[in-house]
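Look at the two complexes coming up: subunit A is in both, with subunit B in one and subunit C in the other.
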Partner chain A sequence: MKGLRDLSDAARRDLVLGGLTLAVFLAVTVAFPGFAAPRSLAGLLDDTAILILLALGQMLVILARGIDLSVAANLALCGMLAALVDRAFPGLGVAVAIGIASVAGAVLGAINGLLVWKLRLPPIVVTLGTLSIYGGVIYPLSGGAWVNENEMSPAFVAFTRAGFLGLSTLSWFAIVAAIAFVLGLRYLRVARALYAAGGNPEAAACSGIDPGRMQFLAYLACGAIAGLCGYLWVAKFAVAYTDIALGFELQVIAACLIGGVAIAGGSGTALGVVIGCLFIGIIRNSLPLVGISAFWQMFINGVVIIAAVLLSARNRAHVRTILESRAA
Partner chain B sequence: MSPLVTLAGVRKSFGGVRALSDATLELYAGSITALIGENGAGKSTLVKILSGVHQPDGGEIRIAGEPVRMPRPDAARRLGIGVVHQECLVFDNLSVAENLFVNAWPASRGAVDWRSLRARAETLLRELDADFPVDVPASRLSIAQKHVVQIARALADDSRVLILDEPTASLSQRECVELFRIVRKLRDAGRALLFISHKFEEIYELADRYAVFRDGVSVSAGLLSEVRSDELIRLMVGRPVAQLFPKLETQIGEELLRVDGLGRSGEFEDVSLTLRRGEILGIYGLVGAGRTELARTLFGLQRADAGTMRLSAAAGAGCALVPEDRQTEGAVLPFSIAANIALPNLAALAPRGWCRSALETGLAREWMDRLAIRASGPEQAVHDLSGGNQQKVVIAKWLARKPAILILDEPTKGIDVGAKAAVHRVTSEFARAGNGVIMISSDLPEILGMSDRMLVMRRGRVRGEFSRSEATSEKLLKAASDA
Partner chain C sequence: MTRATLLSMLCAILALAGCGKSEAPRSGATRVGVVAKSLGNGFFDAVRKGADEAAKELGAEVIFTGPTTPTAEGQIEVLNALIAQRVDAIAVSANDPDALVPTLTRARDRGIKVVSYDSAVAQAGRDAHLAPSSDQLIGETVIALTAELASEGRGKFAVVSATPTSTNQNSWLDQMRKALVARPGLDLVGVAYGDDVSDKSYREAVALLKQHPDLAVLVSISSIGIVASARAVEDQGLTGRVKVTGLGLPSELAGYVQKGVVPKFAIWNPIDLGYSAMQIAVQLARGGDAGKPLSMGRMGEVTFAADGVGAMSKPFVYDASNVAEFAQIF
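And then the complex of A and B:
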């Protein structure tokens, strides 16, 4: 049996975060036993599913030393596109809607990736720009109008809500993605190359891995997931308009950081990201129960992010600072 | 026996500065060749060309008689050339096993086969008799162990040629012994090794051939058994130290600075020195000897763990540091010359917090004149200046503060002869005006030509002190390199 010390840093981090999340969950359950009821739990997962999907995609980009600020704009644009196509051709079916949203998202992600890879532009600048562009395209695309539930085909809306074993389709998407990420990041060669490129791009280049190409692939995947989430979001809330998911990218990045993904790249686990999302979900769903305003959510997220960064910074022994603190 | 790797007439320049002008080198299977040369002789460039990081401007590289090109690092890797870099290129975020097979992870049906990965990694490390676990992240290894990981990675690629770029620079005695055992094992297995080191003891212990580089040219090569270490040193240094340096006679006066037993863990220890008015104190040593760290500590950029520093009352105006890397630490490149020179002098130029550009420009003009800085005017961005003029701006910004002590870290590295002479002239004049200079340099002629007194550092300690009259390049080199 391995002790806590023998675990890798990543596993230890996941364990600590998992413990913390469980503790919060139990504390809320003790006060409000209804919180742990199966229906409540299913609702929690349904509410968190899109965050989980987006955070897993975002994680790939951060692992490759990038960041994608445009995920929410991508989601909104692809969601609108899927809704408009459905309104125009109601008989196409859900598979086509999913396909259109994912492919469109992948294209948007590829644009980010190419700008970062081929033109060597800083990821934060590129995606800040495309955030605006993707978000800005929605208005002319939709003419500023909403697509409401009564204009959507019934199958389009019903899909995410349909249940299987007591969980919504949306929840199943998140579960399957989480399992696929946990396995894929461990067993796919391209995933190992992604970690290598993010951990030490110079050494990766010496080993025949192109770090820029890895960033491109990460953006591509992240974009495709954001596009897919566009459909899921629009179907779940049964409405598409210009401002959906506005600012959601910050919550996605927050979930990654809480989940232990290093903003400097190369380190982070899919399990950690999922737990990070669940942590946010539990806090969000329990605050109204405890009688605290939902606005405290942001405050708590912030504290946890800083605490998580503080913990991992203390583990780094050999950081050379230019000016050391006077209080040595 | 014909050589496995041949370099003939390889040339390489970086922005007009010639790093290699005629490099010739032969490596033989089953043999360890030591590459010897001063800092700046072109050794690192040679390694980077052999590993595909840089492309030569001319000349030829042949492996087993066949001319080869290595447009990218992985091309060198595929040709069977493995490199153990001085600055460890390992993936700290990956496990040891993954490091060994990076980008060549064993897989079955598209999935990484962790069991076989681990097993093969264990076999490799066992071959090298290295005993550390393969599952731990590489960040937990010591530097010596990281070197072993790099060697093992080269073996995993089945490299015929292995380049070791100063692998012992940061290793303890025991770790060196361990490394040498592995290196000999590889030689006996018929691989060709290139071993770069400044330590003659090691070179004689390990290598059987040598190649000496000086100023980018190969000056001599052959069997180590036929040459003595003092002959190698003479070949390395080459020229007699010419008196090109405008060293002015100075009056050595009262003490400005006294340092006792100064130390900083992992960087340097027990350093004691004094600096007097009018004196230029040269500090010689190899890269990694702890000189830059000492300079940063003296200047106050980092704190010492042990020892004391005393500035005498005479040194009222304090201390200035011209750092080694002018582009990242010396100057703010996008700023104008005037803004750069003003930066450390803002308290005087803008006493109420309000900057007056007329004052800044005036100060800049004065110093551009005094140091003969060639530029279109004080408003030109430092980014656009030549290396030599950039360095003059960095020196000017500190001299404008009128310090009593000036610390120069490799002040003439990578600048042309004219600018070099100007830097030397300014330094001499500054000292003659009754100030103290500490000059760190790896350039032997510069140290010998400019200093009134010289300290030699090796592995974080002062290993020798020489007066101007007793110092010779052979003595300095010997003290610096353990020969």
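And then the complex of A and C:
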């Protein structure tokens, strides 16, 4: 069956990446034994959680042959909005903050989606534009001032770091999202349509799927997740200012690429993306521990991205030969 | 409007020609126009407070003014009005170093002394510039704070800087290392770079805490870095065991000072800055020479370098006793 062969191929790629990640992890642990301590691992997951959430959202967009450069700006704007609302009405509670941030994020994502779907503009151009627009709106919204920890309500700040079974709420958000994505992308009808629309839009259109609509839905979901992460970010670092998470979109896209998502769309797994995020998380948490300079951290991240893209490009060539080999 | 400006300038020239230079200062108190970057800004309200204090001591008069939005155009209008009022001196924090030069040159042609403070005017447009502090004074203050917070002045400390290529961060670090020579008990065990972004600063701070379990003080000389460091120390449950200090703003750190995460930190004091700028402006207007050391009253003396720039003082230290008051200001 084609589905099985395709799956085993993706699974093989995830396995290679997982092995590599584990090897890096073990190497760091040998150099710095404390790294594998349970508390240290919980810290690692807490640090990587926002990256995992954003990368899963970004993955949907890339699967649909799009890209969302505006995720970090969306995060910053929604985070500032949540912080400002909390400062003005401290009694509203965390659920309202999460709701406001997610809905605002979804609206921003929908704007991206509509521009790409209805006006048929290139995704990279649209989101490069909205990256500037969303980022630029923060200044007039906040008046350029910071929202500081002592101006936020205690519950607003405490929520992300509250513990459950030794892990922070933030970590649980990532775990639940990862499980939902692994299952959802596998079994949901709309998810299969997304893969089809990204893999071969013409064929998908013939089978009754609107590829533009799939792109819109992907941007909508990605935006909502970015908005949610806006609250999580502001609560985690207990500060909101104009350019939080500046440039973070590049790490998010890098995590997707390392995780084996094909930049041309239609191929990639949620498990791969999560492993890709953990890989980046381990690298960026361990290099300062081992005492490697900031410049080498950038260098290593770059090498890993290129290597991962090489790997996934070769895999894609492999996938394309499946039809022929089946005929043979 | 141009005509009105021309007219007022003409009047000013006529008045000057008629009265002669010697009469204006004698006719009453020395009048100094103190110009803010914009009105309704807490920082400059504090500057005004300091200028008023100096005015009382010196028997001078402050005309505090500024544009409603922080633009060079707005400041030029305000400066023109001050020239028309024939003030004796102007102290200005510039929204643009070059755009104000033609207007200020006109003021100086009319015998008005010009001092810039906080944010400098290009050398051509002023008699002197008062910087809040200098790299050397900042380095010394940060090391002094670190020594105070480490028990008995000894122990390990680490620094969370901004980017590895930031000019002022590196200059401050150099001065900190120089100041360290006099304190053999302190041991600088690492410098990490948080790139002035929250997540990287936080991560680097956590790594420093893990790498050095016996760290006594965590120092950050960037406003984003010190907030992230404080957050990291609190999240790691190390409040009180590892003290955070460095440079930051009272409004951003007030919460952490109250919780004891950041017992003390430093930054310049806008009240002192207004006080000192006013002292200098009045002395220059009364015939003082910026080429020689000038008194700044309770703030001591200032010596201006060849480029006309002088440093007011070491940064002011904030702690639980005063941070709440200054958090209202900036």
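One rule holds for everything that comes next: the second predicted complex is superposed on the first by the 304 of 328 C-alpha atoms of A that agree within 3 Å, B and C clash if a C-alpha of one lies under 4 Å from a C-alpha of the other, contacts with A are read in each partner's own complex, and residues count from 1 in each chain.
One rule holds for everything that comes next: contacts are C-beta pairs under 8 Å (C-beta built on N, C-alpha and C of every residue); 3 or more make two chains touch, one makes a residue touch a chain.
Values in this document were obtained by computation on a predicted structure and should not be read as measured data.
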Q) Does subunit B (first) or subunit C (second) touch A:Tyr195, or do both, or does neither? A) first
Q: Tell me which partner A:Ser267 touches in the superposition: subunit B (first), subunit C (second), both or neither.
A: first
Q: For A:Asn285, decide between first (touching subunit B), second (touching subunit C), both and neither.
A: second
Q) What is the contact status of A:Arg161 with respect to subunit B (first) and subunit C (second): first, second, both, or neither? A) second
Q.
Taking the superposition on A as described, I'd like to know which of subunit B and subunit C A:Phe295 touches: first, second, both or neither.
A. second
Q | First (subunit B), second (subunit C), both or neither touched by A:Arg186 | A | first
Q: Could you say whether A:Ala203 touches subunit B, subunit C, both of them, or neither, answering first, second, both or neither?
A: first
Q) Of the residues on subunit A, which ones does subunit B touch that subunit C also touches? A) none
Q) Can you list the residues on subunit C that touch subunit A in the complex? A) 164, 190, 192-193, 195, 197-200, 202-204, 206-208, 210-211, 224, 227-228, 231, 235, 251-252, 254-256, 258
Q | Partner subunit B, residues of subunit A touching it in the complex | A | 8-9, 186-189, 192-193, 195-196, 198-200, 202-209, 266-267, 322-324, 328
Q | Complex interface listing, subunit B residues touching subunit A | A | 51, 53, 72-74, 77-78, 83, 89-95, 98, 102-103, 105, 107, 110-112, 114, 135-137, 301-303
Q) What residues of subunit A sit close enough to touch subunit C in their complex? A) 34, 40, 43, 47, 50, 146, 148-150, 161, 233, 237-239, 241, 244-248, 284-285, 288-289, 291, 293-295
